[in-house]
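To start, the structure under review is shown below, and the notes come after it.
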Amino acid sequence: MIKDRFGNLAYQLAALLLAFGVVSLILISVDASPSETYKNIFKGSFGEMRKFAEVLVAFVPLLLVTAGLLVTFSSGLWNIGVEGQVVLGAIATTWVYRLLLESGLPPGLIIALAILGGMVGGAIWAALAGILKVFGGVNEIFGGLGLNFVSTALTIYLIFGPWKRPGVASMSGTVPFPDEFSLPLLANLRISPWALVIAFVGIVVIYFLLQGTYFGLRLKAVGKNFRAAYLLGIPTWQYAMYSFLICGALAGAAGAVQVAAVYHRLIPSISSGYGYLGLMVAMLINYQALWAVPVALFFAALNIGSIQLPIVMKLDSSLSGVLQGVLVLFVLLAAGVRQKFGRKAQ
Amino acid sequence: MNVELKNIHKHFGSVHANKGINLNIPTGTIQGILGENGAGKSTLMKILSGFIQPDSGSEVFLDGKPVVMHSPADAIKYGVGMLHQDPLDFPPMKLLDNFLLGLPGGIFPNRKEATQDFSLLAREYGFTFDPENYVDSLTVGERQQLEIMRLLFLGARVFILDEPTTGISAGQKEKLFATLKKFPEQAMTVIFVSHKLEDVESLCDRVAVLRGGELVGETQPPYVTSKLVEMMFGKEITLGERQPVQTGGVVLSMKNVSLEDVRMKVKNVSLDVRAGEVIGLAGMEGSGQGMFIRACSGLMRPVGGRIELKDKDLTGKSYHTFKRAGVNFLPAARLEEGLVPGLNLTEHFILAEEPKGLFIDRMMGQQLAEERIKSFNIRGKPHSTVESLSGGNQQRAELALLQSPLSLVLLEHPTRGLDIESVIYIWSKLKDRCKTDGAAIIFISSDLEEILQYSDRVLVFFNGKVSAPLDAGKTTVEELGQLIGGKGWADKGEAHD
Amino acid sequence: MRTYLARLAMLAMALMLVLSACGGQPAATEEAPAATEEAPAATEEAPAATEEAPAEPFVFGMLLVGPYNDNGWSQAHYEAGLYVEEKFNAKMIYLDKVNPADRPGTTPDQLAEELVAQGAKLVIFNSDDMKDASTTFAKANPDVYVIMASGDQVWEDGKVYEPIPNLTNIMGRMEYGKMIGGCAAALSTETGKIGYLGPLINDETRRLAASAYLGAKHCWEQAGNDPAALEFKVTWIGFWFHIPGFTTDPVDVSKDFYSTGFDVVISGIDNPVNLAEAQKFTAEGTPSTGVAYDYVAACSAAPDVCLGVPYFNWGPDYLTAIMSAADGTWESQFIFSGPDWSDINNHDTSAIGFVKGDALSDENAAALDAFIADLAGGLNLWTGPINLQDGTAYLADGEEATDQQVWYLPQLLEGMQGLSASE
């Protein structure tokens, strides 16, 4: 057992070194110093409080999305539609804001309702993918991709149509809400403690849901063997739907935070790709809710830290995406190699 | 091809599965390998077929040449092919595509030619398949036939069969044996792994017996059954006497139930099953007994008639409704349908329990698992994943998952692939449960002796026809064999109580 | 099997720490910015700067909405930055592709802070898209000077006036450039159909499209054509440039124009994609031309079919503003600079200019020069009667538009096709 753990760690270390090695080679090939690059990424993400706050701004939606995906992964579903669920969360949040801004209700209540609305919006969008899967026999990957496109189209339609700024038809987004309607930020920083609270509540709930509840165990059974789970008496399709709903609600919360705490309005790419990034994080941590926090933080740090690259080193900041992708690939590869090697060793 | 195994050792962690086995199998023989579950048969065969590598120092010789096989593909290149206990095919594929898999040759297989070869080979061995059919429409028995054909087609010279007779009917078995007996003429070597004495005795030219990872003896005909059993178990065991049971009230009542799927119709079956009763379903694979047992569990919706459980009409209700009414179904494909690979025993037992509150009480689960493991004699730990258990222990785990209260247990091939000890144990457990809960049992088996031994009444299925219930005490293997083969139906008539 | 995969991420973070520590230790504290600024531009500049003045150069930052080499709007800003570096002891740091599609999850004010962290004392926001963010940033960073190009926040006569002492708006009077471009189009069209490739719809884009129309109409009529025979159609793509999945593809829009008889397309977007299409159509036998936009050398994309380019020359105004920030004479103001009519292509004095393209015939070039001379002589096309697209009178006969009337044009003009995007 202990030996096994050691072996595992060795494989992961190898994967990690390989990933950094490959990225370093890419850097060297464009005449950039790898150590300089990593240093800049690190300084750009953890170098000072303000930057760390930016990392947290990216971390919150990423963690929420990852938490949601842990649920769908557990039930064996590839919820690619999570990106669109983030978008719908943002749309629903914006919608609630638009309805209530003039209502005279206390801003705090409006914010809470808007975020709740976002969760409902995300859940409804996820339910569509679920219905397509359960009743229409449409694989959730294809259904989700389709719904992602629809969600983008819907955003564009709203921004250019019913929700456009007066006299303007621009991708720039809807009219920003007054400051008092956004989640309060920490002084001089862009991170809202409330957003952090939402994210941590999300991951903690999911952790306990998956680790400690009957519900979580049943989800896992459904994910690992649909047929056997059914014969063991688990209402399988209902559980598939529940997992879509939970994931959608969390993705919706991510979208809500994007509107309520970051952009204060609806913009076309409001999801910022956090849905797809969350898929990478979830793949990397392989159902382990405990690891969602450090890995999501790491990915968020890469995203934010890499902003330094074009400014300081004239490198493209998509390098962080390359590093993230390569890392996931190598880790999956290491797991595959280990599995093959491990089986032979038996 | 001559096969020689020298000093084969294999460790799995602390388990020493093969302990220095030396065995020489001459060209053109049918070698039987006997042994109970966990004796090391499967490990030895997996080494010989390249699935796993032996510990260093072990040597395999084919026709006198030392060979090292890293994979089954390697093995087949050397001419060694293996048929597994659980057929390794790819369910959602067409037969032909499954067949084409692993064939050497280009990216674009010549389908037309392959179709011809396929049909030719199938005819030669008396199997009837439609190459364009899908694998998942086949029964387990038919899948095994397909796998045998595929290995033949790949040019196997050494042919390893791991418990090949468990899934197939008596007729198919005869056909198989006739086929295998031709192999030595073509200088092919057959290694026949089984725990069924009768099969080994009737087929094999020589027998090697494994026990506890060691080769404990080799014999040649004439075989002495009691001697073989003693070598296998270290002691003599018999199935014991049939025990008639007292039956209670009607548990399951089927009235003119008709079933239909794309291939077959089962018409107007009426049957009352009483508490404590055991009904055996006999018939060739795919004769309608599978549909019948699924209808009894709500997994298949009848097209006509009524199904009542303890006087409650459950016709057309879902499996979960049946389950709440005390019906449990244990499918044949244990890892595909019965258990959840990746989850451990404790988690399985927790899943089968009614949830108490929202959170799982881990302590309770651990205790529950330990109790069940003990009372069902499962060789495994609470944290063992089900796929790490042997077939017999998986079956015990499935039994341990039976809910309480229980009114009807439905089993498909409950003892397939298990050694005698496990068979006896499992049936005694089953009968115990039925006695305490007042439950009835309906089971499918292709082992007629098992059916006669444990059933009170027997239904025979032939091509969708269902016989009237036969008193197991009064019928014989011969009679059942005839009915299964479609003979003697005139006086048995159709169905019904 | 992969239970411990996640440990990896922690390792990764640790590794990054180690790598960065190894790489950076010697130079870490003192020389960090200098050490990292290894871009070729910076090294070229460095010796000159030291010769002129041993003092620290004034560092200014620039956020570009598109790529710095987009052959259009963003490149014009970028080169203005280089101009400032050349003329003054200043150093530019910039970040391009600042838009939500290219830099998801970021906001311009956040990115501006990154520039400040790199030493910028003044930040230029180069796109209308960043107007809200520039306000937010300026208020949050009162010590940093802000130039919001094309914006109107600190225009006392503007509709959204807000005193922000550290913010200045700068915009060129591109109306003239567009009139000249429109004139070139009208002189060159064979079919009398002119297409206008519009970005998104707002005050700025409406007034520029309308100016192009006024120029076209003027020259069309001057040449003795039937006013009713001129067709001028605007199609908007939704953003300053193409963002796949989010905007209409300007290539498709250009194609539509050229294939339906519009033989001249005027670009109103940040890069001249219409020229490439014109070249294709010309090659296939449909003579087509285009007018580029924004950047002085934009015609280089397809010189043979380019009638000319009205361009921005941000350099002089940026230089003035940056120097005032450096010497402490900064004043928040709204700068709306016209061309230097003595030479609209004077790089040091004219805020906008027009470069004629190879596709413009000599005869038409002469006519265009005459038109430019008329403009220089005081011709004002924004003189009534001018009606809005829906027919309401905007300028009475003889009435000259005020800057506000031009800046905040509420609709397209009567005679133009296309959406006005009014409520």
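Letters A, B and C mark the chains in the order given here, with residues in each chain numbered from 1 onward.
In this text, a contact is a pair of C-beta atoms (placed from the backbone, for glycine too) under 8 Å apart; a residue touches a chain by one contact, two chains touch by 3 or more.
If you're wondering where the values come from, they're calculated on a predicted model, not measured in any experiment.
The greatest centre-to-centre distance from chain A, using averaged C-alpha positions, is reached by B. If each chain is reduced to the average of its C-alpha atoms, the one that sits nearest the average of all protein C-alpha atoms is A. The leading chain pair by number of C-beta pairs in contact is A-C.
Averaged C-alpha coordinates put the centre of chain A at 45 Å from the centre of chain B. Look at where the CA atoms of chain A average out and do the same for chain C: the two points lie 35 Å apart.
Taking the mean of the C-alpha atoms as each chain's centre, chain B and chain C sit 76 Å apart. Touching of two or more other chains is recorded for no residue of chain B. The set of chain A residues that touch two or more partner chains is empty. In the complex of the two chains, the chain C residues touching chain A come out as 1-13, 15-17, 19-24, 33, 36-39, 93-96, 100-101, 103-107, 110-111, 113-115, 117-118, 128-129, 132, 140, 200-203, 236, 238-239, 243, 245-247, 410, 419, 421-423. Residue ranges on chain B touching chain A, taken from their complex, read 12, 52-53, 70, 319-320, 323, 329, 331, 336-343, 347-348, 350-352, 355, 358-360, 362, 401, 403. If you check the complex, the residues on chain A that touch chain C are 5, 8-9, 12-13, 15-17, 19-20, 33-36, 38-44, 48, 50-51, 54, 57-58, 149, 152, 156, 160, 164, 166-173, 176, 188, 190, 262-263, 267-274, 284-286, 288, 290-291, 294-295, 297-299, 301, 303, 307-308, 310-314, 317, 327, 331, 335, 338-339, 342. Against chain B, the residues of chain A that register as touching in their complex are 208, 212-215, 217-218, 220-221, 224-225, 227-235, 343-346.
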